[in-house]
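Both of the next two complexes hold chain A, though its partner changes from chain B to chain C.
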Partner chain A sequence: MQVPELMNTSDAPITRSIPSGNHQVLEAVLHASILDEHVGHLYERLRGVCDPVFNSFEEHEMVFALKTGEGPDILVHFRRKLSQEPTLWHCRYVGTPIPDNGNLFAICRQSTDSIVYSKDLMEFVKSIGLRLEYEFVARGKVFTFGPIKILVFKTFTTEKIGTYSKDNLKPLLESHLVEAIIPIENEDGPKYSKQLKDFCDQLAPLVHFRKIDYTQRARVPY
Partner chain B sequence: MHFFRDSCESLRYRTEGVSLICAKVIELSPFTVQDWSGKASFEVNIDLNISLGDCAFFLLSLIKNQFVCERVTVIPEQLLEVARYLRMAGVAWVLEVKEPLKSIKEKVTKLGGVPHKPFHVDYLNYKPTNSQTSISPLGLFHHSNFPLSSFLLGTTSTEGKQVRCVADRGIDLILPKLKAGLTPEHAGSFECNGMEYTYRDFSIRVGVASMANSTTKGTIVEIEFRPTAYITACLGLLVQFTNELINDGEKRYPKYVKQRRTLYTALDTVQQYKDIFTDMRRRTAVVTSNTSST
Partner chain C sequence: MNFPPPPGVVTVPIRLNRPDEVKSSIDNLEAKLVNVKRGIEELLLSLDAQDKVSWPAFTTKCSSLASDLSTLQANLRKSLLMNSNEDNGEFIKNQLILPHTISPDVNPKLMALTENRVPVWNHETAPSFLRTKLSPTIEGEIAEVERDLQNINTSKNDYVKRITFLNRSLDNICSAVAEQMNQNKPSNKAKQPMFKNDETEMLVRGIYGGENILKGSNTAQRR
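Right after this comes the complex of A and B.
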């Protein structure tokens, strides 16, 4: 007898969340990195400063591109919890950063999110014309400080496409990536990005957060 | 009063009605239970002869945004896993009827159906922007019985594969970003508006289907037998009930009978609407003077 598929909401990735009903969010983001050997200190620091509850995560993200005739490709991110069956995916479209008139302390951009339940995601993305650009597995911890979310994770790539078991995963760098995000309300970029920057400055000199304009750098495919 | 079968996790999203959960007692004060999905706490205002570690069915009513337990039935622990599969998703049959809306509504009310709430189904087809690419058309559906969800159904490919996804409403905002690949075709969009009636274990939805917000295309009836999601368990009853309700001499069968599947899901309901809308589009517009909405 066929067993019913029970979709458990806890199968959804925890690093990306959708505050109820709010699928389109303007967010401010800052990045930093820290060598593997010092991550322990960063965790201690974050445990002291942030909210008491923090979580570990291991998630697989695939980034697809839709080739447009003219202009840059449209990128769509699909993220899932690296567990048994890949059925619950967090789909995200990240907009281009809003123009900075010198009063923004972080990269501010629009993010549109959706949770998609699909038994065969590859079939779905293929039929809408998306091609895989790159993928990675992120393993680390997520902390919160009120509305601010801090992710500390290490990126891995798989040596064998399609399998993501621990033996096939190879680390990409000898450091962890740190990402700090805050949702912006009332389109007040300067206020919330300043709030984010002030919090991030507390973590110096361990990590130095920077406003990295990733759109200017050439994407190196790997 | 609407009755739901929930898990500890899905209780959080329940805003009305009476819920039934099956869980194990893990704490007595505050009264907390746990099942396969998570934990839940609620008020208990009856004399409970239950101890820590017992498994039971709990009938919970939502009173002033708080769940209150009204009835408890203790079960042996071995049944906890079995209870997990007793889910409340109905089996529905969606069909098009030739008669006008008013006449089918009369039949439902004569039977004893009580109007519950309005219902609405809409369908928007996304077509490939360029005909040369390997992009296939995609249908985006919404059904008022699933207010937070969006359904995506593609066309069945030659290999028999079909895109079938359930997503939340955020996907409605992401799809337009892919306009380089898919463009919405509003001229071919469909809508079905009407009323939902409850009659015992059945939910009967009758509505008028219209294309591109203007042309009326026909009347659609959706009959859902709520207690089970196992098709084989209720197919006979569903077919007999529907044929007797419509009572126009024609004996019908739902198309999915041929597929010989055991479980029914919300996507199957939406697929039936898609098939009907596709048929309607192929035919010429039906203009009947007495399909007035009430």
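Right after this comes the complex of A and C.
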């Protein structure tokens, strides 16, 4: 597992730690949220604790589903920088959490990353057979603390599909989401999730990190 | 009438008490003094030779000089004899030195003995070398040091006063800081919630599962 290299500013921030050989990563993740009015405090705290370089990002993510005959759909996330022309997409598959025997302090899951260059993504996904499930815009900052990556962002949904200008974006809830991720080496879930938990505990009482199981979806019929 | 030049040193044929011991003690003294002289010479040479003398080298020279002087002092307490008890220099104190000839003429033998430093044994040099009391300048310095020593003991009160003053100012500062801290706290009477746990769950489910996000419509409508 490679050490995350220095950031190439032309890449979207989440592509920073893609290892060149193995695109599949076992990662531990913890989530928290913070009300919008207190985000400033969290930023200051993170700026003090984390590495000196941090970045803001504003990205548009579309999530497609590959309908398999059996089992739940496979969801593939495609993300691009909102400011650029949409030719560079970061493609990600997030697996289900590995079973927890009580010794994991965080949700551990497989995650596969890749980069897609495409002038017309919709053609591409249509030809693969993916169907758009949902999309959102994420705007926030990313910090690192060694191997730990902390994303603080606000999700927006778009009122009019296809347009992502600021007027059409509607914030989702009143909080920013905080996501802390650490890559796991040697499949040693307990050790790395403990590292992550220890770091996340430092940010209390501003935020409280928890393991949140995202697989149980109560699909609201539209 | 030409007088013959006086000799350098005259040993008077008086019956000395323990002449060998006297001689050995004076030889001893001479040897120690040669060491001290060498130390001082080295020090002065090093200062003359270079513009900038290295401080550690200088201090080592000074310390070896100081150790030579202290050995000399210790030996003097033993009267410079090898195997005697410490008699505080009683033995050599009891040896008498009398100036034999005082003349204003330059004495070549004396010059040879003293490496050309003492040319004459006249009414100035003799008392200066035979003095038993410290020179007035040195006496004044010693008196001043002793006065300072006395003052330290009596002026302890000043230090105590200063210490209490500083402690008091520190206490004032500490209480002011604590007050400031407490002032800011009561403004949020109840601990403000920084986050809502439900929102965390909803946000995560939204991002990973698409809940509460409007489902995207047909891809053909895009762009």
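What we mean here is this: the second predicted complex is superposed on the first by the 199 of 222 C-alpha atoms of A that agree within 3 Å, B and C clash if a C-alpha of one lies under 4 Å from a C-alpha of the other, contacts with A are read in each partner's own complex, and residues count from 1 in each chain.
The criterion applied here is as follows: a residue touches a chain if its C-beta (ideal position, glycine included) is under 8 Å from a C-beta of that chain, and two chains touch if they have at least 3 such contacts.
Remember, predicted model here, so these are calculated numbers, not experimental data.
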{"item": "Which superposed partner A:Leu206 touches (first chain B, second chain C, both, neither)", "value": "second"}
{"item": "Touching partner for A:His23 - first (chain B), second (chain C), both, neither", "value": "first"}
{"item": "Chain B versus chain C as contact partner of A:Ile98, first or second or both or neither", "value": "neither"}
{"item": "Touching partner for A:Val63 - first (chain B), second (chain C), both, neither", "value": "second"}
{"item": "Overlap of the chain B and chain C footprints on chain A, listed as residue numbers", "value": "126"}
{"item": "Partner chain C, residues of chain A touching it in the complex", "value": "31-35, 38, 41, 62-63, 75, 94, 122, 125-126, 131-136, 138, 155, 157-158, 161-162, 172-175, 177, 205-208, 210, 212, 214-215, 217-220, 222"}
{"item": "Residues on chain C engaged by chain A in the complex (per definition of touch)", "value": "191-197, 199-217, 219, 221-223"}
{"item": "Chain B partner contacts - residues on chain A that touch it in the complex", "value": "1-4, 6, 8-10, 18, 21, 23-24, 66-69, 74, 76, 91, 93, 112-120, 123-124, 126-130"}
{"item": "Chain B - residues contacting chain A, complex", "value": "7, 9, 36-38, 84-85, 87, 128, 133-136, 138, 152, 154, 161, 163-171, 173-174, 177-178, 180-182, 229, 261-263"}
